[in-house]
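Shared chain: chain A. Partners: chain B in the first complex, chain C in the second.
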Partner chain A sequence: MRKSDALSDRLDRPWRKPPLIKSPWLRRALAIGVTAYLAAAIFSIEVNWLRVYEGLDRGAEFIMSFARLDFISRAGDIWSGMLESIVMTVAASVVGIAISIPIGLGAASNIAPLPIYLICRGVIAVSRALQEIIVAILLVAIFGFGPLAGFLTLSFATIGFLSKLLAENIESIDKAQTEAIRATGSKWMQWINYGVQPQVIPRLVGLGMYRIDINFRESAVLGLVGAGGIGATLNTAFDRYEFDTAAAILVVIIGIVMALEYLSGLVRARVQ
Partner chain B sequence: MPVFPLGNDRLGWTRRTPAERLVRWVGWLIGVAVFVWCWNRISGVTTWFFVWDAPRIAQDILARATPPRWSYMDHLWVPIWDTLNIATLGTLIALCLAVPVAFLAARNTTPSRVFVRPVALLVIVSTRSINSLIWALLLIAIIGPGVFAGIIAIAIRSIGFCAKLLYEAIEEIDQSQVEAITATGAGPLQVTTYGIVPQILPAFAGIAVFRWDINIRESTVLGLVGAGGIGLQLSSSLNTLAWPQVSLILIVILLAVVISEWVSAKIRGAIV
Partner chain C sequence: MGLSFPGQDARTRGEAVLKIEKLVKTYKTGDKALRAVDMEVPQGQVVSLIGPSGAGKSTLIRCINRLVEPTSGKVWLDDVEISGLSAGALRRERRRMGMIFQEYALIERLTVMENVLSGRLGYVGFWRSFLRRYPQSDVNEAFRLLDRVDLLEMADKRADELSGGQRQRVGICRALIQDPALLLVDEPTASLDPKTSRQIMRLITELCAERQLAAIVNIHDVALAQMFVQRVIGLRFGVIEFDGLPTALTPEVLTAIYGEEDWQATIRKDGESEELSA
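Let's look at the complex of A and B:
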């Protein structure tokens, strides 16, 4: 009779969406916890609403400045900063990708012996945990101002990103192909070149293009801490409230990122 | 895959035809030339004396930075709380804004492919290409320094990221479920709630946690430009060359990054 009880419970009632979290106890605890945290968080923020209100004019002015971009009055700074950003991006991507291939091979558990695997995974973990800006600050302190610090920062960050994804890709390759190459009596290098490399190249190219894109975006902020690139010019423009110039720089950055994204789409479509 | 005679009835095999090899060789030549040119530009503006001196400077800094000044921890609890709030509230605001943008940008839900979709895509690409530090610089110029500027900077930067991943998820949904809901006579809002939302909810939760993790990283350095959080302490310690404090702050940041990554990996693992 229990079945018909359950049925009669539901009859003559509209359907209701089942709750996302089944246990009502957990649901309530989560709701209370989230509300308490949000209340505490919002309460602890001090907002100077008068300052914000005053700033609205400047915000409107900034948005309007996109209508009258000023590439001219600081053309020299913009050009040299952009060139430096691009140069840093290219050099760091090349070096970073070149270093991350052996580290990626070493961090793949199906290829590397255990000691090398652990060392390479350690390098990746360190590189991923330290963010670009902090690395840049330390390297500027050590190597002095200039694009060399930015170049080293971006190379270091590229290694962590690319090696990890490459290693994961190598770990999931098709074993049959590598065994077939090994069965021909290949040496280790030949085995990597003909058994492993063809399987991971499409992914590597795609990831490499993506990383170039990220490196360019990061190179735009490294200048804030003195590591070269367009960031210094941008910082100066904001400090002097030259929104027309700042907007021009932002438009150039967005344009280059869009171009890179389009290019990487083309390259990836060709490789795959 | 060209095969060629070696003489005395044997056949040789190479991976590529001579023409392919030539094209590749020229490609590599251009690539190497570009890299060398970039490297020359970097090395041209580098003071090499500082670089050769770097190991000594690094040792010097390390000696000054150890041991970390543990007692400074008392001054760090509030900045850590601020950093957490910047990341969390920024992510929440970004998600609220990213959902409508994603629905406007997805091919299958956008009201107009000609007018609305390009605008939504422009919002996505422009917010995504500009680093949160630059957004913070801009917002500090507009609404003044503080935690609030940091929250808004993180929020704006995250819109593009979340909306891009979300609209890709919306485009990949199973259309038959939407048709089934439509067949019951549901209105557009009901179709969205019962046909589309349940399908993208796991992706949405994953994106939210993933972005929160990235935002914790980014909010630790926002203070460098004055947008609140632990970066403020880092910046002032760096400016006063208080290396023991710097090393303590770096340890705290590293811990925060590792913990947030662990939490986000756990939550994503539970969702999928």
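Let's look at the complex of A and C:
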């Protein structure tokens, strides 16, 4: 009897998906709070419209310079800067990924003992907390201007990025497969090689390719603080107001990033 | 427990491969999965473990090879006390217990051959296994086993290309290549269709007979168990409720094992008739 009462209570009444936040009070307070913050934020932006008006000309000049790219007059600088950037990217990616793998294993809570887990998570936290530019400024101060500082910066940044994402991927692998390998009496290294590695390889390859892409783009920025590479050439071009050379450098960077994107698509399609 | 059934002598025939004494497992959540389980399995006997979900079947077989660490109690494989072993000695003993899984638990991205050969991991060194340079005798045995389960031509296919029944046959090869004394089989047919289920159960029992292997088979399908095994153990709330011949499984016995389920089914029937009359 009670069962049919429960049903008749519900019949002919609209049904809605239960809200994410149960309390209607909290729901409304959050909505009002977010709106108020957004409004306050927008009104607090101070724009000097006169300055913008004056700057428009310079912006236009820079954009127009893309119509007359100058690869020629600084060809030597562009070439050597680009080469330096590519060497920096490849070296930093290889070293960074090689270091990331053991740290990623250590930072996965389902395979690492607690003390190792905490140490590896600590390394990742430090690497992620320090922004590339800050690290680059520090390393330039230590090692002087040039690509060595850039290489070290990118390696360091790669560790924070790749270890974290690898560790999270390891934490979500299929437990049954690892159990099956453990049940054979395998040693720890064999267990990782058979039970864990095949499950994370596609993700590791994808992340590695993505990180190479990021490292190349970062190398263009790091030059601005003296850490070598194409960024240094770009910085010089800006300093000399050679916007057509700067535009040419940007076009080359865009071309290389797109080529990397295409390459990474090919590689990921093969490793499934 | 305490009840006596015809065919109880099935328990004590030949030398025991596996002995379990007062095995208890209490999970951190306070969930008492096993409460003092005692059992013995002689060489060559295939035992099926039945019981409702949550009765502790899965926990029991995982406590034997210590994929789950028992809270207390003892487990012997032949003369070796598994429950007291150090990590290294446990790895060596695990080689003698082959395990077959519910969802096959094959390494999806590796080939069939790599999956079968992974059963030898306990016997070969790291570099050999890393480079996939297994001893010729292991390779031969892997091919022989694949031929035995009619999968020889699939040897170099990737595991995720196979059908459910084929995958489970690879899983069986992986367990057998360990050259085990005991098979631990966890719901081998749960994700298979009825026909494939029978084929897999037949294959497991045939292989056990060929090799004089003892096996513990967790299974939901009581009829399937009755068809193929020599002895049935019924588990309920972590306690053995029945231990005897498959033919001794009467409706009363099933009520004793699956009691609460039946009771609920009865109630629901009453409720339905009530609604009908209302």
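Assume the second predicted complex is superposed on the first by the 220 of 272 C-alpha atoms of A that agree within 3 Å, B and C clash if a C-alpha of one lies under 4 Å from a C-alpha of the other, contacts with A are read in each partner's own complex, and residues count from 1 in each chain.
What we mean here is this: a contact is a pair of C-beta atoms (placed from the backbone, for glycine too) under 8 Å apart; a residue touches a chain by one contact, two chains touch by 3 or more.
None of the values given here were measured: they were computed from a predicted structure.
Who does A:Lys187 touch here: chain B (first), chain C (second), both, or neither?
In the superposition, A:Lys187 touches chain C alone.
With both complexes superposed on chain A, which partner does A:Leu234 reach: first (chain B), second (chain C), both or neither?
first
Check the residue A:Val252 against both partner chains and state whether it touches chain B (first), chain C (second), both, or neither.
Once the two structures are laid over each other on A, A:Val252 reaches no partner at all.
For A:Cys120, decide between first (touching chain B), second (touching chain C), both and neither.
neither
Please determine whether it is chain B or chain C that touches the greater number of chain A residues.
Residues of chain A touched, chain B against chain C: more for B.
Under the definition above, what is the set of chain A residues touching chain C in their complex?
Against chain C, chain A makes touches at 1, 3-4, 174, 176-177, 179-187, 189-191, 193-195, 198-199, 201-202.
Which of the residues in chain B come into contact with chain A in the complex?
Going by the criterion above, the answer is residues 31, 34-35, 38-39, 41-43, 45-47, 50-51, 54, 57-58, 61, 81-82, 84-85, 88-89, 125-126, 128-131, 133-134, 137-138, 140-144, 146-148, 151, 217-218, 220-221, 224-225, 238, 250, 253-254, 257-258.
Within their complex, state which residues of chain A touch chain B.
Contact set of chain A toward chain B: 37-38, 41-42, 44-48, 51-52, 55-56, 58-59, 62, 83-84, 87-88, 90-91, 94, 129-131, 133-134, 137-138, 141-144, 146-148, 151, 217-218, 220-221, 224-225, 228, 231, 234-235, 238-239, 241, 246, 250, 253-254, 257-258, 261.
With touch defined as at the start, can you tell me which chain C residues reach chain A in the complex?
65, 67, 91-95, 97-99, 101-103, 105-110, 114, 118-123, 126, 129-130, 171, 174, 178, 184, 271, 275, 278
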